[in-house]
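In what follows, structures are represented as C-alpha cells.
After this come two complexes, each holding chain A, first together with chain B and then together with chain C.
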Partner chain A sequence: MSKIETASATIKPPKTNIGIVGWSRAHLFNGWINSALTLFVLYGLYKVVPPFINWAFLHANWAPVSGTCSESSGACWSVVTANIRFILFGFYPHNLQWRPLLAIVILVLLLFFSQNRKRWNMKLLYIWTAGLFIMGVLLKGGLFGLESVETDNWGGLPLTLLLSVFGLAAAYPVGILLALGRQCRMPVIRSFCVVYIELIRGVPLISLLFMSSVVFPLFLPEGVVINKILRAQIAIILFTAAYIAEVVRGGLQGINKGHYEAAESLGLNYFQTMRLVILPQALKIVIPPSVSILISAFKDTSLVVIIALYDLLKTTQSTLTDPKWMGYSSEAYIFVACIYFVCCFAMSNYSRKLEKELDTDRR
Partner chain B sequence: MKNSNETPIITIENMHKWYGDFHVLNDINLSVKRGERIVICGPSGSGKSTLIRCINRLEEHQRGKIIVDGTELTKDIKNIEKIRAEVGMVFQHFNLFPHLTILENLTLGPIWVRKIPKKKAEETAMYYLEKVRIAEQAKKFPGQLSGGQQQRVAIARSLCMEPNVMLFDEPTSALDPEMVKEVLDVMISLARDGMTMLVVSHEMGFAKSVAHRVMFMDAGQILEQNDPEEFFGNPQHERTKLFLSQILD
Partner chain C sequence: MDTASSEKIPFLRDPEKRALLYQIFTVLGVALLSYYLISNTLANLERQSISTGFGFLHKEAAFEIGESVLDYSAADSYGKALLVGFINTLIVSFIGIVLTVILGTIIGIARLSSNWLVSKLSASYIELFQDIPVLLQLFFWYAFFYEILPAPKQALNPVTGVFLSNRGLVFGVPEYHPAYLAALTALIVAIIAGIILKKWAHRRQDTTGKSLPTGKIITAMVIGLPLLAWLLGGAPTAMNTPVLKGFNFKGGVTVTPEFTALLLGLVLYTAAFVAEIVRAGIQSVSKGQQEAAVSIGLKPGQVLNLVILPQALRVIVPPLTSQMLNLTKNSSLAVAIGYPDFVSVAGTTINQTGQAIEGVGLIMIVYLIFSLSTSAFMNWYNKKIKLVER
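Up next, the complex of A and B:
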C-alpha cells in the first residue's frame, strides 16, 4: 500500500495550462468558434473602451461652472461638481449640510464596525442604538442647541440611506416572523400570514406608496398627521417583508426534519428550537436570495419620488431640469449609478464573505 | 432479572397509533424496569421506530397510556417537556446541528433547557466526550467528523441531559461497516453503567451480549419477547424464525 501511495505522490499533474499562452489557448482560442468570439469581443472592446475613456476622463470638464462645457467634446462632470451639494442633500439648509454628512459618515463607520461577526453581541446593539440616536439628532436637530430641520427638507443621499437601512433592517425580522407564521399550526395566524404575503406580493410597491401617502391619511382622524417619510418607510418595510418571508420559508423547508426532532428530544421548546437550531441554518441557506431582495429593495427606494420625496435620484433629476444643465443627464446619472453600484456591490460582496464564513457543513 | 420489585420506569398499556387509516401500532403493552435493556427488532415498517418515538412524543399515540417515570404522556406540554428531559434519543442519522461545534452541540440542551451555567455545561460535555472517546474533536464541526464519530457525539449529546432512559433508533444502520463497532462499544459501556436502554437495532451480537430482553415486532404488534438466549436459541413464532433466518445468514 505505502509503495503505491509514495509513487502517486511524486507524479505531478500534466503541465498543459501553464503560462499566458497556455491559458489563452485553453480558454480563449480552443476551436474556431471560440477564437472568432474572442476576436469579436476584443474588437468590440476596442471600439467602446478608448472612446469612453476619452470622453469620461481625457476630454472631460470638471470645473464646477456652467458654460465651459459647451466648448469641450468630453464629459461635462461640471453638472455633478457644481450641484454636488444639492444632489447629495436636497433641500437641506445649505449651512447645515455638515450634519447629514456627519450622519452618513457615522452610518458607514457603524456598518464597517459591524462587519466582523465576532462583534455581534449585545454591546453592538447598544452602539447601534446610540449611533442611530446621534444620527437622528444630527438630521432632525432641535436638541443640544442644533437648529431644527423639518423632515420636508430632508433629501438626497441621507434620505435614500435612511429609507433603505431602516427598511431592510426592519423588514428582515418582520419577514422571518411572517415565514414562521405561515408554518404555524394555528389556523388564524397562518391564514393571516398567507393572506398578508400574497396580498402584498400581488401589488406593486408604487401602489403601496400611493396608498400610504394618499389613501391612508383619509382614515386618520382629523388633525393627526403621520410624517410622510415615516409612511413611505412603513410601506417599504411591509413590502420587503413579504418577499423576505417567502425566501425564508424556502430556507425553513430546506431544513432536515431530523433537526427539529433532535431539538425536540433535547427538550428545547418551539422558540428555542427556531432561534438556536432552525433559523441559523435556514437563514444561512437563503443568504443569496435574501441579498437579491435587499439589493432590489435598496434600489426600489427611488420609487418614493412618486410621493414627492426627494431621494438621491430625484435630486439628480431636479438638477437636470435647470436650463443651465439640460443635456448633461448622462454624466449626472452615471454619477448616481456609481453611488448605487458601490452600495449594492458592497452588500453582495459582504454576503458572499458571510456565506463562506458560515459554511460549516462541508469543510 | 434484577430490580424486579421496583416500579417500572416505562409503562405502556393498550397503546394504539394510526397514520391516517394505517394501523402502525396495534395494542402495545410494555413495561420496562429501571436499568433494563431491551433490543427491538423486526422487519421494516413493523412499527418499531414509531414505538420508541412515541415514548418521547416525537409521534403522538391515539389510544392507550404511556407513563414514563410516573408522568403520563398527554397533550399537556408540561408533561411532554418533563418526559423529554428524562429521555434521551439517538437517531439513525445522528441529527447533529451542523452550524454548531461539537461542544456547542453538547451544551445547547443543558444551557437552554436545564439552565446550567455555560462553564459547568462545558465541563459536563467534556466529561461525556471523554467517555465516548472523542474529546479531541470538541472544537470541530459535525461535518468534519466521520459517521461513527458523529454518532458517538450524538450519544454524548443525549447523555449531557443526564437522562434516565436512552432510546436508540437504529443507531448503527446508517454507518459504514467499519464504524459500527466503535458506536456499539460506546453503547456497551453505557449498558455496563446501568443505563435503561431501548434499542431498535438489527445488531444481533449486541442484543446477545447486553440485552435483558429481545422483542420482535411485526405489523404493529409485539409478536414475541424473551431473554436473548431463548429468543435466538428457541424462537416460538414462525414469523420470528423466518426473520432470524434471514438476518443471521
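Up next, the complex of A and C:
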C-alpha cells in the first residue's frame, strides 16, 4: 500500500499531458471534430495571414509621394502618409495645427488621469470643466492672443472627438433629467418624457441629422443662423440623451425602495433625496453602460459625413476623390478603422475592468 | 407646527397642488415653445414660398431609381418613388436580419467552443467588428467592390454559375416553370400541416401519454411534399445562367454592388453584437440544468429543445429584437453608398421639392412604425414567457 503511494508521488504526469503538447491536446485536438476544426482554421489562417502581411508590410509603399505605388504589388500607405495632416485636421490652418493636436493630447491626459476611481470627486469635475474649456479655446482661438479659426475650418479627428465628448458631456444632464421625469409621479411630465425618449430611440440618428441640417433652420426666426457643427452637435446631444435616460432609469430602478423611504423620513425633500441619496448610487451603477454609450456615440459621430461635415471619415473620403489617390481606398479606410478601433477597444476594455471592480464592491 | 392638521396648508406647501402647478408650467412651456417654432416655420415657409402638406406626393418624381422590385420610372409620382424606397428598406432589412441571426449564432457558439483557436478567432471577430463604425465598414465594402474586384471580363468565379465582379454579384437561377410555384405552395402547406400536427400530437401526448415522432414526420413532409410537387410538375431543370456578353453579364440574377456592400456591412457589424447576445444567453443556463435533464432520461435533442433553449431564448430574444431593430435603423446608412432605400429616396425628394418637414417627418414615421411594432412584439413575447414561468 505505502509502496504504491510513494511510487505514485514520484511518477511525473506523462509528457503528452503537460507543456505545449499537453496544452494543445486539451485545447486544440480533443476529439476528432475539434481536430478537424483546428486544421481547417489553421489552413484558413495560412491562406489569409501571410498574403496580408506581404501586402500590408513587406511589399508596402510608405513614401509620402504619389506615383511610386503603381509599381509595387503591396499596400500603398503613401495615401495616408502624404495626406496625414489633412486626414487628421481637415481644413484647419496648416501653421495652427499644433492647437488641435494639443487639445487632443489634453483630452487623452484627462482620460488617463480620470481612469483611477479614487480620483472621482468634485475636484475632477472642475478639472474636466476647465479642460473642456481650454480645448474649446484652443480650437476656436480668439482669446489669449490666439488667432481665431472659423468653425467651418474645423475637421478631422478633433471634430470627431469634439462631437462625441461634448455630445456625451451635454447629453448626460439632459438624460438624467429625462430619466427622473420618466420616474416621477406627475403624469403630464412623465408622459412628455416617455414620448420624447421613445420617439428618439425609435428613429435612426440620420433622420435627426437631416432634421438638424434641413428642418432646424426653418425653426429659427429670420436672420438667426446657427452654424452647421453646432446644429449637428445639438442633434447628437438630443439623440444621446434619450439613450442615457434609459440607462439611468435602469440605475434608478436598481435602487432599493428603502433608500427613498429613508431619505423621506429624514425630512429631505425631492431634490435633496435625489442629489444626496439616490443619484450618487444610481449613477455609480450605470457607469459601465454609460461607457458603452460613449463608445456608440463616438462611432455614431461618423454619420455626420452624410450632412457633409468634415469629420475624420469625410476628410479621408475627400482625400480619396483626389485623382492622384483614387483607387487606394482600402489603405485609407484601414488606417481610419485603426484609429476608431484603438479608441473603442480602449474604452470597452476599461468598461469591462470597471464592471468587475464595481461588481466586487457591491458584494 | 405640531398640531397643524386643522390649519389650512399654504398653497405651495401642498405637494399635490405643487405637482399640479409644475405640470401646468411644463405644458405651458412646451406649448409656448411649439407655438414659437411653428410660427417661425410658417413665416419662413411663406417667405421661401414653399407650400406645406403632402400634395407633392402626387407630382412627377423625375428621378430614376437604381433598383426596384416595382415597375418604376422617372415619370411616376413621388409617392411611388417613396414606396419603392420603403420596399427596398424592407428587403435589405429582412435578408440582413436572417443572415445576421445565422452568422451571429454560429459565431456566438464558436465563442464558447472548447477549441482554443476557434474561440479566440471568434472573440477577435466580435471585438474587431464591434469597434469600427458601421458607416466606415460600408464604405470599405463599397470600395472593395469598385476598386478591388475585377471587371466582368476577369470576374471571379468561386462556384460554377456565380460571378463576382465590380458590377456586383451575378448568379444563375432556375428558369421559371409552373412546377416551382406548385413546389412553393406545397412547402407552405407542409409547414402549416406540420404546425397543426405538432399541436395535435402534443395534446394527444398530454391526454393519452402516447408520443409521435413529430420531428421526423414534419421533416419528411417539408422536404417530401415540395419535391413531389416538383416531380409531378415535370421536374424542370433548365437554368438561367449568366453569360458574359460584351462588357457585362446577360441572364441570371444580378445583385448590385451597392446592395451587396450594404448587406455585407450591416450583417458583419450586427452579427458581432448578436454573437455576444447568443453567448450570454447560452451561458446564462447553468450546467446543472443540462445534467438534471440528462439524469431524468431525456434524449440529447430533448435536452436542447425542452430544457436549454426555452431558458436561453428568454435571455436572448429581447436584446436580439433590439439588434434587429438596430439593423433596420442602420440600413438608413444606405444613403451614403447610393443604395435607394427609403431615407435615400426621401432625401432626394427633399432636395427636389424643398418639402423638408414632410420628408423628415415621413422618415421618422416609417421608422417609428418599425420600432413600435417591434416593441408590440416584445410585449407579446414577454407575456408569453411569463405564462411559462411558474
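Quick note on the criterion: the second predicted complex is superposed on the first by the 292 of 363 C-alpha atoms of A that agree within 3 Å, B and C clash if a C-alpha of one lies under 4 Å from a C-alpha of the other, contacts with A are read in each partner's own complex, and residues count from 1 in each chain.
Going forward, a contact is a pair of C-beta atoms (placed from the backbone, for glycine too) under 8 Å apart; a residue touches a chain by one contact, two chains touch by 3 or more.
Values in this document were obtained by computation on a predicted structure and should not be read as measured data.
Colleague: Kindly classify A:Gly267 by the partners it touches after superposition: chain B alone (first), chain C alone (second), both, or neither?
Modeller: Once the two structures are laid over each other on A, A:Gly267 reaches chain B alone.
Colleague: Who does A:Leu276 touch here: chain B (first), chain C (second), both, or neither?
Modeller: first
Colleague: First (chain B), second (chain C), both or neither: which does A:Leu101 touch?
Modeller: neither
Colleague: Counting residues of chain A touched by each partner, does chain B or chain C come out ahead?
Modeller: C
Colleague: Now for A:Val194: first (chain B), second (chain C), both, or neither, which partner does it touch?
Modeller: Neither partner.
Colleague: Could you list, by residue number, the parts of chain A that touch chain B in their complex?
Modeller: 256, 258-259, 261-269, 272, 276-277, 280-281, 284, 358, 360-363
Colleague: Within the complex, which stretch of chain B touches chain A?
Modeller: 56-58, 81, 84-85, 87-89, 91, 93, 95-99, 108-109, 112-114, 141, 143-144, 154, 157-158, 161
Colleague: For chain C, which residues count as touching chain A in their complex?
Modeller: Those residues of chain C that touch chain A are 19, 22-23, 26-27, 30, 37, 40-41, 43-45, 47, 113-118, 121, 127-128, 130-137, 139-140, 143-144, 147-148, 329-330, 332-333, 335-336, 343, 347, 350, 356-357, 359-360, 363-364, 367-368, 370-372.
Colleague: Quick check: in the complex, which residue numbers of chain A touch chain C?
Modeller: 27-28, 30, 34, 37-38, 41-42, 185-189, 192, 198-199, 201-204, 206-207, 210-211, 214-215, 217-222, 295, 299-300, 302-303, 305-306, 313, 317, 320, 327-330, 333-334, 336-337, 340-341, 344-345, 348
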